[in-house]
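Common to both upcoming complexes is subunit A, partnered first by subunit B, then by subunit C.
Showing the complex of A and B:
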């Protein structure tokens, strides 16, 4: 079992390295180099950079060295927390990203937990009461949730809350906390702002999870061990929750790692609409502006978070699936 | 396994503890009604082994689930009686009249009537240790603490011949061999001292040696605990070895019943005869072709008119068997059969109508 964890760890590390190479390639992708981009951004605001100055900058940033050395220089900086310089914001990348990475993590994790909290009971209900009116209603609502783009949902909610309540539901903080340092008050403020964007983000995933849970459980309900449990004289609700639901839940452990990037990429447009301080809008803008150090860093960070998520879901899967555990021991 | 039973089987002449009368269990599907069990009757006595035999799809498992009140929707017991004499009670109660989800039925399930069935692998949850599942069964019907129930579970595993029961109890079903798994299943079924054990194809998934061991175990436990066993199988060899009395089912209907000797030596129904012909004989030449029953079981929605077996029957009477349903009537004082070869359609007791002909009151 330890050997397995160790193998997964090695695998995670290798994936992380691969992601860093990809992030580096992304940074190098646009024609011209960092200095060209810098010059462009200076001249856009009326400044001037001479050719000699440009050469000096290139040597200063090591852009005259071979690619692999540049990669090592870059990754050394990254490991030490130096993610480079955002030409668009004219500030270090780490400052630009700031709290946004954690905001992204918080809202994504919240959305994932919310989808599970909604999807599991509804999926169980729909399977156990297959073809009941409730099942049809949830199926309809579910397909609606899948079909309607969630940014549209966000716009509609934004519009109605403004028209009906005069409230602006955008953002994750009230105005008075926006620039404040962290405090319990600010955490509470965040907690109050989280549900709505979380729900909007969760809708698509929830609809999908309901379908998966329903199908899994319908499969499991037909298995002989359910008959065994009933034949013991167990209460029907207990039979269902203890055995088939338990079995149907298993595949969910493997979705932890997969859901994260899904929610993050889904959050980009929502974040724009609801002006949420996540990395999504930042990534979009940096790509449009070819602010490559910023874009590469965000890709790197999201990639690493996904690797961590996958690693965790591997561990959870091992923890919840006795067969897997036994296979690893044997 | 000898094809012909040896010796005179015990045939207790007492009051039955379970008496199934004209049981009808139907599945109401969009495509039509599947009459999975369509008028089956039998009596079960203490210490008796009653074999129910028939090809797959004949309604044997549904009969078992009907007795336990765990037929899954859209299936439903729509007629008949399942009379059970509760432990020590004089009169019988009709389980078919109880609410299958109610507490009274639950108190009987697992406690007085227990079930063991075919796939020992999939009959356990792979996410819980076998001990967890046995202890749960024990505590459902007995006021024991977890610790006491665990000790009892270990004793039970020991009783059914599981080696190192104190270790095995914490293992998962997939860590056990097929034979051990079925022993654990038997231990779990017997955990609350039921008087009736329904074994639905308990050895079908096992190899021949293990099969013999599990059958031996069942016999031994029956002797020790005065168990009544309903043994469901499609294998006449298993019937020969185990059963005292036999019910032969075809397409949800009981076509013949009687003591095992009469069924083997003097089978009345052509279907019973074909089943007997399909047993491999120790006298048969090696590699000779095993006789199988001609034709296949009709689709459950498309039950043939008349006698359900007539399309496959070699001795069917044209114009009679394909249009009228034979009644189930006694043959002598020990056997019963539903076949026009033995009772004319206008025999001593006329059928009141074509379709109700299969209902019978005397077994």
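Showing the complex of A and C:
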């Protein structure tokens, strides 16, 4: 068991390093650096920057050093909690991101809990009542949820709620709480705004999980031990929940790991459509402005977030699968 | 085989049954898959929908009537206008002329159809010139008008802010969006078969290495990664350069799923008797792979590809929607949806949401098709 946790930890660390390199490469990718973009924006408004001033700026931001040194300087800072300086906002990156990362975490975790909470009972229902009307309805909704990209879903819901109810469903807070410090009132306000974006975000993953759960449980239900249990007169709910559902949970739990990157990805784009105060809109804006230290930090943080999520789902998997606990598999 | 069946001294019914059995016995893997696939009605219908969409893609310019790039401030945000099929009980397809009047208070132009001015809609009319299949220069379109410029006459799905016809843009966008999917899948397929094949065939250290690479790639959230890469494309790049770059970016992740399928099949087949037999008879590795192994999992690959295609199309649409993918003047579904991004635009011109419909239909169709193909890929199962 410890060996398994240890192996997963090593993997999480390796993935984190890989993500940090990717984030840094993204920072370095655009042709030219921030100083070029800065000069371009100044000359667009009629101002001028001399070559000497440009060099001075480059040295100030450490852009004159070789690439690997810049990486080490950056990663050393990151480890110490210094994520660099957002040149567009003229403030430290950590200040610019602020609460937004937590908003991303809250929405993503909420969406994942919602996916599990919906997929588990619906999956069991669809398998036990195979080919019933309910099964067909859920299969259709599931296919629809898989097929419609969630930003389109957000767009369509945004439009129809505006036309039908005259309400703008965007945002996570009511206007009066937007700039307020945290209070219980604000938390309650957030809780009221969370379900809609959470549901939009969850629907794709839920559809996938329902299909997996349904297929696994159908395989289990055909096995002789289920027939035996029934023949012995066990109550139907117990026949289904006691063993087949538990056995079907294993592949279900192992797909949870892929759900995290999927949901975090989705949160970026639906945040743009629904104007949620997550890191999504910030990432797009920083990329367009080539404010790369900010953009790189966001990519890094989102990556680390999914690594942590995947690690937790590994632990969940261990909890539901006794073979992993006994160190037999994995 | 019908000859063999005819020589057998059997009754008619058993003759038919035995010839059907023989047909199955001698059929190739692909034939078996096809027969099984045809039984899957929903997948079969979805296959037809997909083919229709690709036909639209091929004949996009013919099906469009207005020049998709032609702008005019005087045609901004005209609502969709249907074709009137009958005129006083007589079949005569026509449209009403659209007249715009500026509202004295809001200064907005308000358009209204004028039922007194009827303009006949002609088949195979002349319009803007284009190249059919990229080769033959022509200006024939499916519909058009003789009276005046077609850009000012027909508005099947309305116009956007710049007065460009949405129907015509949707046709041309179909071509670009669907071809990005195909190109992306081709690159993914190449990488997936190569790396998945190496991984599954050789096993050992290289297998572990490739599997870890796939795991790491799949644990990174894709959209931020794509956004970062796509934002790095130089602004001055041409449409074609951006198109190629976007295709490569979306296939960077897409290959992992295909590699997983290929590796799984290789692992399963490596132990099969016929592969061992081929090895013992001294067949070369390349021959074993191409002649013996690939045919038996070709149908699995086709199924995996048809499931990978919609993911590619969604990726391109997403990136273009964010303004980081294909850029105007290129037209794709994502580029069109970008116009429908905010509530203000949607409340003025709700018809801009039409662009979402082909995206949803094509992706649903590909998913049903891929599901049916996956079921059919195991014809003995």
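Please note the rule applied: the second predicted complex is superposed on the first by the 304 of 330 C-alpha atoms of A that agree within 3 Å, B and C clash if a C-alpha of one lies under 4 Å from a C-alpha of the other, contacts with A are read in each partner's own complex, and residues count from 1 in each chain.
Heads up, the rule we're going with is that a contact is a pair of C-beta atoms (placed from the backbone, for glycine too) under 8 Å apart; a residue touches a chain by one contact, two chains touch by 3 or more.
Keep in mind that what you see is a predicted model, and the values were worked out from it rather than measured.
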Next on the checklist: Let's test your reading of the overlay: on subunit A, do subunit B and subunit C clash or fit side by side?
Outcome noted: fit
Checklist entry - Roughly what angle, nearest 10 degrees, sits at the C-alpha centre of subunit A between those of subunit B and subunit C? => result 80
Next on the checklist: With both complexes overlaid on chain A, does A:39 touch subunit B (first), subunit C (second), both or neither?
Outcome noted: neither
Checklist entry - In this superposed model, does subunit C or subunit B come into contact with more residues of subunit A? => result C
Next on the checklist: Quick one: is A:323 in contact with subunit B, with subunit C, with both, or with neither? Answer first, second, both or neither.
Outcome noted: first
Checklist entry - Between subunit B (first) and subunit C (second), which, if any, makes contact with A:223: first, second, both or neither? => result first
Checklist entry - Taking the superposition as given, does A:276 touch the first partner, subunit B, the second, subunit C, both, or neither? => result neither
Checklist entry - So, A:250: does it touch subunit B (first), subunit C (second), both, or neither? => result first
Checklist entry - Which partner does A:22 contact after superposing on A: first (subunit B), second (subunit C), both, neither? => result second
Checklist entry - What is the contact status of A:112 with respect to subunit B (first) and subunit C (second): first, second, both, or neither? => result neither
Item to check | Minimum distance between Cα atoms of subunit B and subunit C in the superposition (Å) | outcome: 12
Checklist entry - Where on subunit C is subunit A touching in the complex? => result 212, 215-216, 218-225, 227-229, 231-232, 234, 310, 314, 317-318, 321-324, 337, 340-341, 343, 346-347, 350, 353, 356, 359-360, 363-364, 367-368
Checklist outcome for this item: Touching subunit C in the complex, subunit A uses residues 11, 14-15, 18-19, 22-23, 26, 29-31, 143-144, 146-149, 151-152, 155-156, 158-159, 162-163, 168, 170, 257-258, 260-262, 264-266, 268-269, 272-273, 283-284, 287-288, 290, 295-296, 298-299, 302-303, 306-307, 310
Item to check | Of subunit B, residues touching subunit A in the complex | outcome: 65, 68, 70, 101, 106-111, 114-115, 117-119, 122-129, 133, 136-137, 140-141, 172, 174-175, 185, 188
Checklist entry - Taking the complex as given, what residues does subunit A use to touch subunit B? => result 223-225, 227-236, 242-243, 246-247, 250, 320-323, 326
